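Inspection log for the structure reproduced underneath, given as structure tokens.
Letters A, B, C and D mark the chains as written, and numbering starts fresh at 1 in each.
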Amino acid sequence: MHIAVMITVVLLPILGGILIPMLPFRGRREMLWYIEALVLINSILVLTVLLFQPEEAFVLFRFTGNLRVSFHLDGMGKVFAALAAALWPLAALYSFEYMKNDNNEKSFFMFYVITYGVTLGIAMADNILTMYFFFEMMSLVTLPLIMHTRTREAVLASRSYLYYMLGGAAFAFIGMIFILSYGTTSTFVPGGVLDLNKIGDKTNMMLLVYVLCFLGFGVKTAIWPFSGWLPRAGVAPTPVTALLHAVAVVNTGAFATMRITYYSFGTGLLRGTWAQSVVLLLVIFTILYGCSRALKETHIKRRLAWSTVSNLSYILFGVALMSPLGLAGALCHMLFHSFMKIGSFFCAGAVMHETGRSYVHELDGLGRKMPRVFAIFTICGMALMGVPGLAGFVSKWQLAQAAVASENPLAWVGVLALLASALLTAIYMLTISVRAFFPGKEFDYDTVPDVSDPGWMMLLPLVIFVAVIVLFGLHSQPFVEYLQGVALSMPT
Amino acid sequence: MSSLWILSPVLAAWIAGAFLLIWSFAEHLKQNVPKEQSAGSAKQILAGETPDGLSCEPGLGAVHGLAIGALAAAAILALWVAWSGDGSVTLFYLMKDIPIYFQVDGIGRWFVTLVTAVWVPVGIYSARYMRHEGEEKRFFGFYLLLYGVLVCLDFAGNLITMYLFYELMTLTSFPLVLHSGSREAIMAALKYLFYSLCGAYMGLFGIFFLYRFCTNLIFVPGGILSQDVIGQHGGILLAAVMLMLVGFGAKAGMFPLHAWLPAAHPVAPSPASAVLSGIIVKSGVLAVIRVVYYIVGPDFLRGTWVQYTWMALSLTTIFMGSLLAYREPNLKKRLAYSTVSNLSYILFGLAALSPTGFTGALLHVAFHGVVKCGLFLTAGIFLFCCNKTKVEELTGIGQKMPAVLWCYTLLSLTLIGIPPTGGFVSKWYLAQGALEANLGPWSYAGPVILLISALLTAGYLLPLVTKGFFPGEPGQDQESEDIVTERKKPGAAMLIPLLILTALALVMGLFPNALIEYANIISNMLL
Amino acid sequence: MILFGIGFSNLLLQKNLIKKIIGLNIMDTATYLFLALKGYIDGRKAPVVVDGIQSVEAYVNPIPSGLVLTGIVVSVSVTALMLSLTIRLYRRYHTLDLDEISTLLKKEEK
Amino acid sequence: MDFIRNFPFFSIVLSLFSGPLSSILGGKWAKRVNLAVIVLCGVLSGAVLWYVRRTGEAFVYTMGHFPAPWGNEIRAGILEALMAAFFCVIMLLCMLGGTREREEEIEASKQNLYYIMVDLLLCSLLALIYTNDLFTAYVFVEINTISACGLIMIKQNGRTIEAATRYMIMSLLGSGLLLLGLCFLYDLTGHLLMSNIQESVHAIAASGQYQRPLLVAICLMCVGLAIKSALFPFHTWLPDAYGYSTVSSAAILSSLVSKGYIFLLVKIFYRVIGFDIFSGSKVIHVLFVFGIAGMIMGSVDAIRESDIRRMIAYSSVAQIGYIYMGFGLGTTEGMIASIYHVICHGATKSLLFVAASGIMDASGKSRYFKDLDGAGHRNRLAGVAFTVGSLSMVGVPMFAGFISKLFFSQAAVGHAIKMLPTLIALAISTILNAVYFMKTVIRIYSPMKTPVMDGKTAETENQETMSGNPAPLPEGYREITVRQQPIKAAAMILFILLNIMLGLNSEPLIGLIEQGLEMFS
């Protein structure tokens, strides 16, 4: 029974999504209920699947020979699926309020729900082909979401987004082929699949292919050379930028990189090679580059987008360490960062929705008017900074531990980069809160538009996110143990 | 002694502080409702919520009463807990094997007493002083929160808890500096925040490494590094400790990251800057002590390049601090520079890594804390009464406010270190410790620099005294005449705390041996 | 072979359409000559049955000549088509030069 | 059971005679005859496929019962039957897709001429596939060229004639070279039937002398056929030919005609020269390099193109580059991959052409990009069809393109030296494909920004088109719904289904190709 559930979890949102424009909805409210119900049922299904975990893989359909699209739930897949299941209903709730006055909502929600199915598909992919399949679908399905506002700028942004995505997929394709032909089986096996006698002398070629593959999947996590698309995609409506750039799209990239590094190429071969140092250098540079660009940015959403770029490279830093601890740290940061970032994006969205202002210097004094939203924003900011007692600190701690444990000096440079970027994050996050709450003595308050906090639909998700951040911050023990359990199942 | 009592003072302070903060928030919301007159329904509900009776004026009495009451209760509890013997409590487990763990030990007790001794009088003083600054509720709210955080910091049992409260202290003290709300106040506050954050992150870098090499980072007098760990990873550990020194030193105004002190002080309200330079800066010193003497162990650093650089940095800061103070016209900025140099006395004492040096440092921590708060309170009075900040403008102040200027003179004497006062005692021990540590040229350079900076301190403190008491030709007389009439005399609530502090400083100066022998107990335990 | 070369280059380089067609024909005939040559066995007569001699040795190998026949038919039809196209083009553009025609077309397009 | 044996012969003869027959009939009747013939041939070749697959070996059918050197032979194996069936299906769909255009563009009198050409084309294609004799292959190549040129010319405006002339010149060159190559071969081996040539070629290769002429023969033939199937350096005629001719002819031309020649090339490789000699010779590397160059340059030209039809034409140059690269690899997997790609490309290219015509209808017949904005909204089905086509070209997993790309790279990985260049070339050409295809897809779905006559600002204009109620469209732009174009819609849907079927379960097809290849040589 469980395997069937696993498949329905993936297909239900996709089919449900496609049905949205077809179904005759009387009013807007009925459509909202339909969507919310669809997403909620799916999340519950995901949780049931997570609870009693089906062992065997489920083959959806068979391309040729050993290439088949099949699903299997293992440690890492569970974490990512749980994350998506938790965040999607809340994001949907938020977007109902946000999209109230938008006219073609139907197409928006259609793609919104389909992305949910595709993300679950990636989480539960059993072999690299399925993952690549859904990886490609992801970039196609999210394209209309970015193009939703149909302005000139949105079209340009979506076009560059697509080129980056397809370019990345093309390079990842090479990696996949390499694994399919040199690996023993195409499924994900902890500790790597490549059998050495086949590769024999061509290790350098293998390493080069690994770097290409890392960059291919890395495009989605906006590594330095390919990070152009993320800030530009800020032009999309907030639920899209929040959900995609905090959770769905970028995490799929990180998740995919984890898969190929730990489950296909195998860390044993890669540790200590020049490929690892190339990747590490690239990641460290992106961390610093992302933060410095965020500092310069005045548009809130683009600033948050740049901070996503640097935070994602934290995750990749964890992955590049090639040690089980590194993987645990990466997973931990992926999770916490999603909550923190989606919280701050939603706050920014709420501000833009209510006041229509989206530049930092326009925020003076808004703290007084929208105290709840800005309070949450400050907490998310502090969590991002890594103030101990909040979730950010825990994940930074895990990453730093892993980095210190691994001997190579590049990792220590990485820790320094981690801290320097924490400082930069502090600067660009707190300046917003300070500007909002303490605009200065001679600031008169009537220039501030008389707005109040948004409706409950927007606030509820925010409050939940903050609660989760604080909970993880203070009591992350059982959770971190679980992650380490997942990571340590890896033969180093 | 049951463990939960340790946290009682902290909880008392925090509850009161939180209540005040929420009250000030509600106050804000209500404040901008009448101004708009618009009939927005959401704001209607808001106005309905907050109790209407509280108008601004009568509320102040309630605020002061609540604040000082809570402060007193917390102080008593803290002292009782500190002096009623050792005890420890683990609040909860932040991460797998890292508890939030509190432990009362010698150093903790010393610092808590110092904090309480200073906190209560400054609290009383600020009740009166804050009237002309406005936003009292927010000020007192953060003030109490800060007190709770400091007590936790002093009682912290392991490095992670200390780091947690170290960071919280920065965040809670940040609004205090920011209080006046003017543009440059915000800029200075941000500068303060980012400097201390940068210091904190350097410290965190060190903590990562230390955590890697020693299991649970609980403070154990004499250090917990095992020999083989030092053997293999000596180099990286030294670098980590150096980074931590510079990082935590930032809070203690050590050379590379001291620039925030002179920026933050003139801008903050005077009770805030009194507390800032008196106590918060000492927390940086406490962190350094914990790391050097309780985690890494002094003999690990003795004779290494880390000690020499540390010594060199503190000496340069001493010298530079006094020089800058000497040339500074603004009184508060001058006091800020003097804090920078005095703190480096303490760091210098610690860098000597010798028992007497350590005792000297501890003594100086006490003396400087009390004296500097007193000096800042006097500066506050001068500002409050005749809103003059420049030193030359205060000529002839002696006739008008003799008592205040007397206190100022006595406090400056202790700071300079004239024999009967406490300053001399601590400087003596510092010089003794430096010589004893026989570090070659360094141990001689130390006392010489101490003497030169004592002269400089006299140089920048005494002119105010001379001008105040003996103004010279009558020309200035009538000018200083209208200074005082403009403002009312400083009220009793401001004078009494000043007198208490001066008395405390004198008593410590005249009968220091109780303090000295207690300090010796601690230093023997460590070295 | 040389003939083939001349015809081939002529077809490619010439500007004028008619010249191209001539070139084409030269090329085709060259191939057929080559083909016919292949079939020729020295000292025998053309493969037309003359006064009842059936034995194979008397005649030249007939297959290549058969092929030549079909080849010629093919090239005739192709030339016919090419000529009709050229007339059509000439009537419309009054020039035989292909590049000129394409420039005219571009003008017409705008 | 052997009645089926002469089915291939039947299908060729049938389509041959239907040509002249339809010349007498009027336009309407000619069309019906034509469709009937195509359907019949499709069924016949399907039966042959089924029969051969059951018997498991190819059968030879001598026309007119004359034995070898005189009579002509047809050899029908699995691969030939499969290709024949596939060609008929594609031709049928193309004809359906282009019906409405044909009525509008071609005057009544020319109608039946068009169908003659189509029948002849069908006949020559089938013959090309089945024939086992080189010279008959040459003859049918010529017929194919003439009928294809006729298809291009039918539209009678200046452009098409110029395109037709260019096409004629180039293909005549090609066939000239082919003929010469044949003569060389004949001279060497003395036979024309492929199977006997093969033994003699083996004998020559074994004996070691005559190496040089053999190599020359191979080169001549390869270059000749390369010119005809528009491989990179010789592709200049392709964009004009495909760009301006009628829709169905363009679709047929691009997917079938060039493929016919490629299939002939494959037969020559296998049957005549024998695979191992061929893969040993240098020619392979030349083809490989041309293939790679074709892939990249084709896409680069396509990006610069501003006319949608010419852009698709250039992209077919790139795809042909793919196929030749498959040959260039020289391994059997490479061969399988390229044959599979022949089928995929055939299906996708014709879908793209038909969809493009649908889009152009919806935006006032103009073929330039700037007028195509928002066409996707106006002609929903054509928009979807075009998107499916371009996604498959780019190689998105759900569709046919992905599978062929997958096989190409797997074949490439097996080959040590050539692996990296192929993979990199594949990645780059995917990106380039993505650039120009997705540019069009996005443009179709992006809102209309054309200057609006009655002074409304562009923004409100977008609002209205998006909100569905028909805004005052500039002249020529009209909302096309499925009902207005039933036949074309049916063709498009069938194409899409074919594409997805090829994408999802390609296993049976691959199996067939493999069997076919073994049986081939």
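Assume a residue touches a chain if its C-beta (ideal position, glycine included) is under 8 Å from a C-beta of that chain, and two chains touch if they have at least 3 such contacts.
Keep in mind that what you see is a predicted model, and the values were worked out from it rather than measured.
Asks: Return the chains shared as contacts by chain B and chain C, ordered by label.
Replies: Output, common partners of chain B and chain C: nil, no chain qualifies.
Asks: Report the most central chain, judged by the distance from each chain's C-alpha mean to the global C-alpha mean.
Replies: Given all protein C-alpha atoms shown, the central chain works out to be A.
Asks: Would you kindly tell me how far, in whole Å, the mean C-alpha position of chain D lies from that of chain C?
Replies: 28
Asks: When the centre of a chain is set as the mean of its C-alpha atoms, what distance in Å lies between chain A and chain C?
Replies: Computed from C-alpha means, the inter-chain centre distance equals 68 Å.
Asks: Distance-wise, how many Å sit between the C-alpha centres of chain A and chain B, to the nearest whole number?
Replies: Centre-to-centre distance between chain A and chain B: 43 Å.
Asks: Find the geometric centre of each of chain B and chain D from their Cα atoms only, then give the gap between the two centres in Å, rounded to an integer.
Replies: Inter-chain centre distance comes to 84 Å.
Asks: Scan chain C for residues touching two or more other chains and write them down.
Replies: Correct list: empty.
Asks: Which category does the touching pattern between chains fall into here: line, ring, star, complete, or other?
Replies: Contact map by chain: line.
Asks: Which chain pairs here would you call touching?
Replies: By the stated definition, chains touch in these pairs: A-B, A-D, C-D.
Asks: Sort out for me which residues of chain D touch chain C in the complex.
Replies: Chain D reaches chain C through residues 69, 135, 139, 142, 145-146, 149-150, 153, 158-159, 161-162, 164-166, 168-169, 172-173, 176, 179-180, 183, 186-187, 192.
Asks: Under the definition above, what is the set of chain C residues touching chain D in their complex?
Replies: By the definition above, chain C touches chain D via 4, 7-8, 11-12, 17, 20, 24, 27-28, 31, 34-35, 38, 63-64, 67, 70-71, 74, 77-78, 81-82, 85-86, 88-89, 92-93, 98, 101-102, 104-105, 108-109.
Asks: Which of the residues in chain D come into contact with chain A in the complex?
Replies: For this pair, the touching residues of chain D are 391, 394-398, 403, 405-406, 409-410, 412-414, 416, 419-420, 423-424, 426-428, 430-431, 434-435, 438-439, 442, 445-447, 449, 462-463, 466-467, 504-507, 510.
Asks: Give the list of chain A residues in touch with chain D in this complex.
Replies: The touching residues are 61-65, 67, 103-104, 132-133, 136-137, 140, 143-144, 147, 150, 152, 155, 158-159, 162-163, 166-167, 169-171, 173-174, 177-178, 180-182, 202, 205.
Asks: Can you list the chain B residues touching chain A in their complex?
Replies: Touching chain A: residues 25, 28-29, 32, 35-36, 38, 40, 42-43, 46, 92-96, 160, 163-164, 167-168, 171, 175, 178, 180-183, 186, 189-190, 193-194, 197-198, 201-202, 204-205, 208-209, 211-212, 236 of chain B.
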